[in-house]
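Note sheet for the following structure.
First chain written, first letter: the chains are A, B, C and D, and each begins at residue 1.
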Amino acid sequence: MWHELTSDQDLLRDTTSRYLGDRAPLSQLRKDRDHPAGFDPAYWTGGAELGWTMLLVSEDDGGGSVSGKGAVDLALIAYEFGRHAAPGPLVDCNVVASALSGQEGELQQDALGQILTGEAIASSCLGAAPWQLPDEAGVTMTKDGDDVIVNGSIKPVESGAQSGFLLVTGMSEGGMSQVLVPVDAAGVSVKALKSMDVTRRFAAVSFENVRVPASALLGAFGQADEEVTRQIQTAAVILAAESVGAMEAAFDMTVDWAFDRYTFGRAIASYQALKHRFADMKSWLEASHAISDAAAEAVADGTATAGEIASAAKSYIGEQGVELAQDCVQIHGGIGVTYEHDLHFYLRRVTLNRLLYGTPAEHRRWLAGMQIEKEYAA
Amino acid sequence: MWHELTSDQDLLRDTTSRYLGDRAPLSQLRKDRDHPAGFDPAYWTGGAELGWTMLLVSEDDGGGSVSGKGAVDLALIAYEFGRHAAPGPLVDCNVVASALSGQEGELQQDALGQILTGEAIASSCLGAAPWQLPDEAGVTMTKDGDDVIVNGSIKPVESGAQSGFLLVTGMSEGGMSQVLVPVDAAGVSVKALKSMDVTRRFAAVSFENVRVPASALLGAFGQADEEVTRQIQTAAVILAAESVGAMEAAFDMTVDWAFDRYTFGRAIASYQALKHRFADMKSWLEASHAISDAAAEAVADGTATAGEIASAAKSYIGEQGVELAQDCVQIHGGIGVTYEHDLHFYLRRVTLNRLLYGTPAEHRRWLAGMQIEKEYAA
Amino acid sequence: MSDEMESVDDFRARAREWINANLGPMQPWDISQHCDTDEIELEAVARDRALQRKLFDGGFAGICFPREYGGLGLTPDHNRAFNEELAGHEYPSRFSVPTFSPCASVLLEYGTPEQKAAHLPAILKGDEVWVQLLSEPGGGSDVAGITTRAEKQGKDWVVNGSKVWTSRAWWADWGIILTRTNWDLPKHQGMTVFILPLHQPGIEIQRIERLNGESEACQEFFSDVPVPDSDRVGEIDAGWTIGTRWMYHERLGHNSPYVTRPIGGKREQSYEPSVVGIARKAGRLDDPSARELIGEHSALGLVTHELQRRIAAGAASGKGNKDLSSIDRVFRGIASVRRSTIAFELAGSGASVWDEDEEDATDAIGMNFLMRQVACIGGGTTEISRNVVAERVLGMPREQSGDRNIPFRDVPRGPKRG
Amino acid sequence: MSDEMESVDDFRARAREWINANLGPMQPWDISQHCDTDEIELEAVARDRALQRKLFDGGFAGICFPREYGGLGLTPDHNRAFNEELAGHEYPSRFSVPTFSPCASVLLEYGTPEQKAAHLPAILKGDEVWVQLLSEPGGGSDVAGITTRAEKQGKDWVVNGSKVWTSRAWWADWGIILTRTNWDLPKHQGMTVFILPLHQPGIEIQRIERLNGESEACQEFFSDVPVPDSDRVGEIDAGWTIGTRWMYHERLGHNSPYVTRPIGGKREQSYEPSVVGIARKAGRLDDPSARELIGEHSALGLVTHELQRRIAAGAASGKGNKDLSSIDRVFRGIASVRRSTIAFELAGSGASVWDEDEEDATDAIGMNFLMRQVACIGGGTTEISRNVVAERVLGMPREQSGDRNIPFRDVPRGPKRG
């Protein structure tokens, strides 16, 4: 994480760290393995009180950041989520909250209020993504008079089965559109899925001729491309910071193991082949910190290269985070793949984070597109 | 190489090995750096006398193998070519010779005779390849009455500027076609190119409305797909075996170096981080031997899986051969990138072999196509 | 039965007839010993015990075991002939490894006549399933670094300590165990081998859950477990002599002449999901980069197969060095990791999140990926194999060790002691 | 000139004026010192000598060097101000490294007054270009393992041995050399530093051709080269004290306050070929797998840049450990290798075979690929950096070495001696 934090940022991070240590220790997460949501509602509302869902929301709408750079503050929390393999829809609630901030509709304001208090969970249904061709979209939206009709299905949707509001992105004439849909709207069906994670829950959501009024639109019909891009950058920042936290936890416990574990009368930390692998891992870890921090900063500032840096973070950490965690497993040996050991919580975290909001390959394709556009323009 | 060779095979390999050691030591190759062909004609005709160009040619046409498995015998020679980083168009002359074997036209028989004695060199101009989409072909062929008109350009063509005969593959109606074109035909132009290799020479060849009679066709117009596939398999076998030889030479000299080179009072062979890298390299080398041998055997026998195995060899060795050679450079340190050191001859060999007759990525795509076809058929 | 040995061909013919008359077709659980629930697994064990008894009663159990212990006293060629005839048929797979090899094999070579008489016939009749109690927590690749102790009490012994990674100990009957009996000698001296029944007071068996939910491996805790001296195998403090031979039989595994299992016939069915199928389900079959991954997966599979053949041929020809198998082990580990990763990459989000009601749920791909390093850990890590390749195949200097030529009690075993 | 030091701002203003009046725009050869032919290189050297003389005559040479040796006696802030004003202008790039740092810097710290008077003004006037004679054949990462010897003859010395990887020694004037003077002491003791003119009988300078055809590096062979004791730097046998400081100045390199070179202004031009351009030329711009490679290349570039910033920020804040730069070194090496490989992969056959008459010939891509490991070798190998990260950043045990606390003559140096 950052070399220099303000004291307010330090407090924010420290408070979350202690809260997670108290309320979501790994022993608790093991117990909640079959819990439908993965956590108690009080855990989430308590976190919301600490500011987990407000950092990207304008002050007018009841939000506010700690440092003036909401994405940077949020990355601090996400990092702690990663270090604790913490449950809870941090990514989706923040993505939806930031999308709703500044939206004046009644539904939007109501949803935002509930997300801010933690009373409701919201999910993003990314049924179309900027790295896809238009015909690859999973959700389509059409106009019917003043209404918008939504069709299609999308998975995985984080906390879909626990969610009150769905921010749905679909392909429509002219570009992408986004609507906010209460989960109980007619034609919406949600099915809980199984996942490789222990702490987080996912669902499949489908829309069958779901009709919503134009007032449910966020922005103009067919004009959401820029806003979607911004949301994915936000998600990339949170996921990257989470994965860096998880990588660091896995790395630290593996370094400790290497000092404690003796074989042939020597600590395994003394074997050069392992020392060199630790050096490589350390370089990946520091590089991940660096690009994660840079992405948070660039997205907070909305710089021209924010998209490139966010995709670089998402793709680099997506790939290298998993390789680091797997190398930690390898160095642990057989014990590293037991359920009793803590390592797998971090392995699962980075593995799933790799896939959410675009895989490394997808972000690389997107990044190439940006690069090509820039060079052609030059 | 094979665990079990017949005594005839052993003799063939040994004779070539000694011939190359005498006639093409690295000191000579250094001198011939700016030689237009990279070798004297007598070197090549001498090699032809040893059987370098006859192994895939039927006895009726003046050829003959040593063991009954021409591709296996040829792989033994190719392996020695790799170990010596030897000059000469072994791949192309054999590909063309095997294509001409059994062809009855006058031109074909004349060309084959000259290739067998080494008097003429022949090159394959692969202007269309099975891993390409038809519209990606570099050469097209059309019918005009009884003639075939060839258009397009293709590079790199091995020994193109030294060649007497060009076996040209192009896209035509119905599929690929192949014609044999004397290099002095009207409309053919050959331009010598620079390459990263020191020992081999390449050219660009272009065809501008080159008109050849139907008798120049090998097989029927538009029906050459299978034959082209077979030729690429043959080329893959030779290139793979060559690269295995080059890998082994690079690996052996690096193992020697690791024993001889002391740092901090210890042979570098005693450092575990390097020992483990040598172990990995050894596993790549043995795996390359294994798949190279299997490809030669399968292509010689024309088994149903010959295509898969040949592409596996070409793609695996193409990629891992280069990685092995580069790791050898790394372990040598600065001296490994000097011109005076021998290592770069092998690095260049495997690097260029990686690209000829399809890159690893191209062979993987082709292999995937075979796999998909097989599973859909099942 | 005459004293002259039946020819392999005659034996093969007789075996074929009996097998066809008595054994049903091979079942999936004969290859993969994975069972969805413990109940199903116990049923499978009972079925295997009965099958082993059927072989015994039919006169085909223990083909290479001596007649005096209930076997047939025939040659490895006879065993191979039987195994070839067995192809495609059901068989008692839970007896093959580790019961016959290494356990019964070690017993046959080093057991007392009384021990052999007591246990070998019981094994051949399907009454006893054995496990090997070798690995220890904190032991890993350093097999000879065991600290489970056996102490003399009168003329008998008491065992304390723990063993781990014992497959399926929770329903097995007997174990062969390597213990430390003398702490004043250097590491490789001072060990002794015993046999003991697994289910007795003083032995607690815990199952180890893996991160993918499977729990076939167990850990055993020994608290003052009494072992009579008559259950000692081999000389006191000479256990490592047995240990090296034990590990030889372990490496032989299914290829041991003491093991009954089908070989040849139609190629063993692969339970790996097809990457073509994975890519199709993910809608990526026409994506060129997905095709490159499919091709790479396929190429690595072929290379793995050919390398294995090459190493085996080298060993068979006598030209190869036995340490060459470590090359294969390194390669297989790396290739398997890459192949799991490719499958995961091709599956997209389906590998991590799935609908369990769907026909071809994709959970296995994700779990295989999470477990991918097992290919580089199980049966000796790739790190140890790399040492073997560098030191024994390439002849590079050995690693310094901190446990040679000093009393085992002084060997550094952790920062608290160091 | 008054005794009161000129303010940085005043100095900056005066420098700006002078620079604008006297120096032309920056030329490509100011950044890349590569010249296509030796003739062109010698012209560039002459031009740099004249430019350095122009700085000296203009009163802007050696800003941080003491006045008594021809410098200005100002502070690093003044030097930085000058360098910032120099942005975009031509400058004597062949003097910056290694002449000013480490050579002149070491001379300034350890030279005798006579040595400093003889050489520092000559350097500042553009009369002497220096090289460092440090690495040896067979030395590599083990810098202190040198075997080039200086032996006393009367009160003077005779040098024998060889140094290597000396950039551009073939046209340089003087060298600073680390030699071994006592073989009975342990490795890090028993070394002594001297200075000597490069072009004299007894010194043979050979250029080293790299596989890409470039030959800027040289090897020097010393045969009974006489060195007067007055050209000794520092105490006899205490050369490693100087050596560690010498390497500090070498690491500082272009960031040394003794070095004049433009900083800031428009970002330094990259000579790396664009991978988008490469893919376009190869006709692969729309191929999804090519796009993944382009994106990976771009991401690695961004990550490299951000990691460098992070490590620098850590160092600047004082929280970082100086060994952290080894993390950056490992990462840059690996990332650079991968990026060269991606460029090569995207170029297809164009990287290996090219038409030299074409506008944008692709030979550089292939040569970069063949030379890719230089990124993991030059300036200390990644292997050495990995040791530093493991041992000094993570605190893991040090490698055993075979050369500590024994007389240097007994250190194993090869199988023939071992």
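One rule holds in what follows: a contact is a pair of C-beta atoms (placed from the backbone, for glycine too) under 8 Å apart; a residue touches a chain by one contact, two chains touch by 3 or more.
Since this is a predicted model, take the numbers as computed values, not measurements.
Set against the C-alpha centre of chain C, every other chain centre is closer than that of D. More inter-chain C-beta contacts link the pair B-C than the other of B-C and C-D.
Chain A and chain B have CA centres that are 50 Å apart.
Chain A and chain D have Cα centroids lying 44 Å from one another. Separating the centre of chain C from that of chain D, both taken as means of CA atoms, is a distance of 57 Å.
Contact of a single residue of chain D with at least two other chains is seen at positions 288-289, 292, 383, 386, 399-400. For chain A, the set of residues touching two or more other chains reads 259, 266-267, 271-273, 275-276, 361.
On the side of chain D, the complex with chain C involves touching residues 287-289, 292, 400. Looking at the complex, you find that chain C touches chain B at residues 274, 276-277, 285, 288, 290-296, 298-300, 302-304, 306-307, 309-311, 313-314, 317, 319-320, 324, 326-328, 330-331, 334, 383, 385-391, 393-394, 396-397, 399. For chain C in complex with chain A, the residues that touch the partner chain are 137-138, 140-142, 145, 164-165, 208-213, 289, 337, 345, 348-349, 351-356, 361, 363, 366-367, 369-374, 376-378, 381, 383, 386, 399-404, 411-415, 418. Considering their complex, residues 155-156, 191, 193-197, 202, 204, 259-267, 271, 273-274, 326, 329-330, 333-340, 344, 347-348, 351-352, 355-356, 359, 361 of chain B touch chain D.
On the side of chain A, the complex with chain D involves touching residues 3-4, 255, 258-259, 266-267, 269-270, 272, 275-276, 278-280, 282-284, 286-287, 289-291, 293-294, 308-309, 311-312, 315-316, 361, 363-369, 371-372, 375.
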